[in-house]
Amino acid sequence: MPDQTQPTALDLPMVDPLPQATRKYFDICQDKLGMVPNVLRAYAFDIDKLNAFTALYNDVMLADSGLSKLEREMIAVVVSSINRCWYCQVAHGAAVRQYSGDPKLGEALVMNYRVADLTPRQRAMLDFAALVTTASATVEEPDRQRLRDAGFSDRDIFDIASTAGLYAMSNRVASATGMQPNEDYHAAHR
Amino acid sequence: MPDQTQPTALDLPMVDPLPQATRKYFDICQDKLGMVPNVLRAYAFDIDKLNAFTALYNDVMLADSGLSKLEREMIAVVVSSINRCWYCQVAHGAAVRQYSGDPKLGEALVMNYRVADLTPRQRAMLDFAALVTTASATVEEPDRQRLRDAGFSDRDIFDIASTAGLYAMSNRVASATGMQPNEDYHAAHR
Amino acid sequence: MPDQTQPTALDLPMVDPLPQATRKYFDICQDKLGMVPNVLRAYAFDIDKLNAFTALYNDVMLADSGLSKLEREMIAVVVSSINRCWYCQVAHGAAVRQYSGDPKLGEALVMNYRVADLTPRQRAMLDFAALVTTASATVEEPDRQRLRDAGFSDRDIFDIASTAGLYAMSNRVASATGMQPNEDYHAAHR
Amino acid sequence: MPDQTQPTALDLPMVDPLPQATRKYFDICQDKLGMVPNVLRAYAFDIDKLNAFTALYNDVMLADSGLSKLEREMIAVVVSSINRCWYCQVAHGAAVRQYSGDPKLGEALVMNYRVADLTPRQRAMLDFAALVTTASATVEEPDRQRLRDAGFSDRDIFDIASTAGLYAMSNRVASATGMQPNEDYHAAHR
Amino acid sequence: MPDQTQPTALDLPMVDPLPQATRKYFDICQDKLGMVPNVLRAYAFDIDKLNAFTALYNDVMLADSGLSKLEREMIAVVVSSINRCWYCQVAHGAAVRQYSGDPKLGEALVMNYRVADLTPRQRAMLDFAALVTTASATVEEPDRQRLRDAGFSDRDIFDIASTAGLYAMSNRVASATGMQPNEDYHAAHR
Amino acid sequence: MPDQTQPTALDLPMVDPLPQATRKYFDICQDKLGMVPNVLRAYAFDIDKLNAFTALYNDVMLADSGLSKLEREMIAVVVSSINRCWYCQVAHGAAVRQYSGDPKLGEALVMNYRVADLTPRQRAMLDFAALVTTASATVEEPDRQRLRDAGFSDRDIFDIASTAGLYAMSNRVASATGMQPNEDYHAAHR
């Protein structure tokens, strides 16, 4: 059962009672993650919005892709670090620690991804994600070609762009609404 | 039937043949808009991604909200102007012209929203959207309070944040993939 | 005869009556453009200032040059877009549409010149104009050489610099004084 | 007689021989300033351009105005400092030293105008000029009202804007063409 | 005994053998901290430089002050986060965790200090430190007065300024030389 | 004997009487420089702080190094110009004039170091110092290699970094405390 503290600075209580499908989804989160991530609780004032967000999120982060789940989480952290999003750095920093088994990697991606111990493929991917985050209007063909030269397919380029895009969105929703990360993230996978 | 030019700089052909539900959705677009927006064709290399994107898009832009559809399109244009996204300024500039019947308003929101003839409510909404776009990490309670003082509910604040967030994402996916707007947008609703 | 609305946010009425030479010049504008551009009405509180501005303007934009009039208008729009000047984007966006017969080109230069369909010569010219607009103190010999490599003479380089410079000035005078473009520009040459 | 070194990095020799009116004007400069400012020599490859520039320059900097000549030179230095224009900081820094008799004032305006010993009127004027220089698109009515509150008329506001605008232009022409200040400026009025 | 890996990307081996006083100082570090911080090993190619740095460091961070040691470490982390210094965020993030016993506080100061749970005094102190870090030339009397209003003495203001200044320096030396934090910091005080 | 005006905006009187060693040091300054630099008077409210600062300062600026004293002063001015520190631009601008015998060089480094007449070695050194000043988190191995290619040793790189770092610190302490340069600097070595 999700804890009762307010997930954001907005007074938007969850639908009560939650529909059965939502309750089931939250129970799965509780079982697998040990918590219902506050971002889900934040959207649960409107089940259509919750469902639309989770469908997009799950497609981008979990569906089949040429990018591994770790790579997608690395993009999440680098984008969220540039945008200084409290919620997403905490939650996805924990995910990087979990998937990589390397707490130092999670810390480096939060602090300055340029110092992390990265393969050339990872560095190219994160440089593109950072460029898309800070100056998307300047992206041109040579930037995409650099990814192809690092071994990425056009489909992979789409996935890098949409992962960076997802956090451009989530970072802003989280910061604009004052979203708080669940306490359990902080110590997880250290 | 959608035209055959490539919607982005990536070599990602649409699923062929399209599933029946997608074909039907594209036919509706053709009937109502006179075109299938290229953003839909760009996602149609993977029907799950297309469906996830359209579900989120339709929820944010078309579902019931304290924000009118025009107000949401105004946010779309202001965010896309700050990010200088070619696709979204063209497509949503046309939508502002359509919903408002005021071509000059669309032009002002593209060029510099501060000069547009806005109500205090609209100005507060667009100032918040602009802040979320350029410096989301600095948003704090007084910024949200300013919206409440302008007559917005907490639910409206969520909707402003998620509309601004949607274009933070779409602008980046469009610019990173070299997405081209449909030709018909340029002259529409002038 | 010029219309009577205030061209700027400043209370600076035109000299009344206008000197005969000015009246004649305004009549020519009315005949050829269908309006007296508000920038001229804005300066007409002081005929010496009006004359100094129009002489410089006409020399930069209309005198013989290795740059075509369209190319100079393209620089005008790109600079004004970077500076987000309402007056100049509207007025010179219309001029690009007129000289090029290509409304989409005008829109692209307003929104993000990097997406426009440009020749290498045009792109080099606009990249230099953009650099001069945003970071003139960093211009060094290699930047000028890049223009020579694209086929420009030293005289052309001077003309690119002074066209970019003219709008650095006009954008600021227009924005600082709250100058409003004539209504007729918006729909012209669509 | 002007010295023969090249005033810019462009190969644009002065018209030879200079027309009589230009020669006379340069002789007056030599008599009164002890030099022909290189900016005039830079434009003298085309007498129409030279005349258009000097007419505008003389109107903005020397014509009757609610702003003293020193105040206009102070704006010139602050704008040129923000833009880091070598030519204009040197030439107008010397002019501030000359008109004010206070070398330290010239140095402060070059280095950081906020530390200069300014009257509230001067500070308001320079803050507005700085705003117009760095973010002209954000200028709105309260910014102009702040000048009125500091004692400036609407005509004065126009003059502040056009002085700041003149150096927005001149700084860019000078930096883009690699213009060198005359050697004599450096030691003048110390 | 310090470990033998290179503390920076520069080939600057420590003086060998170390002078007795240095050896003793390093032994104390080893005893009290469980390591010799790499910043000390980085300076130890020149004992005078090491001594000058440690004297300044110890005075700023450890001498008597109206600022507690935790407060000085909080400034260290906020400045280092703005500058994205890998070494200093790691080392001083650990110190904040240690002094505060609150790992979440260390994480918040690294990620976005505005979200941390701060007293008004702490917030005023960190806002000033952030301003000094990003825009020191704009600091004026009202900024200092804001600190006095939050309860700080003029001596405290000096100490805030010099703590922020110390990390402006250390961040740059660390980043410019590629300084690596000791491995033990990462897991410490979680 | 030091003059009695307040060296900063803080009410922090010098220790009175000064310890004998400090008095002697100040007397030497008076003899050799004709003044006690205000930065020393500013720190003299606490002799330990004064000593720590002067020891570091003297090591960085005056100790044996592959960088000449003039080169270190050139870095001081370029960093202080980027940070627009009034005190340090005045004091170290005078030092550049003194060591170089070239007042124009001091002026160019204050105004825009790119226009100064520099050797390739000096340009590489100042470009690195400027990068460390504005974007230290982006420094990577190729930036250091560029210095090695220009003839600098790894030890020299350390010295460039620590000189740039010293002024990152001093600029901020000076600006944050409102430090005023001694009057005598302004006219010195012109």
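A few points about this structure:
To keep things simple, chains are lettered A, B, C, D, E and F as they appear, and every chain counts its residues starting from 1.
In this section, a residue touches a chain if its C-beta (ideal position, glycine included) is under 8 Å from a C-beta of that chain, and two chains touch if they have at least 3 such contacts.
It should be emphasised that the depicted structure is a prediction, and the values quoted were computed from it without experimental measurement.
With contact taken as defined at the outset, chain A and chain F are each touched by C, E. Just to note, of A-E and D-E, the chains joined by more C-beta pairs in contact are A-E. Interface repeat of D-F: among A-C, B-C or A-F, over half of the contact pairs recur, by residue number, only in B-C. Per-chain Cα centroids separate chain B from chain D by 45 Å. With centres taken as mean Cα positions, chain D sits 22 Å from chain C.
Between the Cα centres of chain C and chain E there is a gap of 51 Å. Chain D has residues 84-85, 112, 137, 140 in contact with two or more other chains. The chain pairs satisfying the stated touch condition come to A-B, A-C, A-E, A-F, B-C, B-D, B-E, C-D, C-F, D-E, D-F, E-F. By the touch criterion stated above, chain C contacts chain A in their complex at residues 112, 114.
Of all residues in chain B, only 9-12, 45, 48-49, 51-53, 55-56, 59-60, 63, 83-85, 128, 132-133, 136-137, 139-141, 144, 154-155, 157-158, 160-162, 164-166, 168-173, 175-178 touch chain A in the complex they form.
By the touch criterion stated above, chain E contacts chain A in their complex at residues 81, 84-86, 89-90, 103-104, 107-108, 110-112, 115, 183, 186-187, 190.
Taken in their complex, chain D has these residues touching chain B: 137-138, 140.
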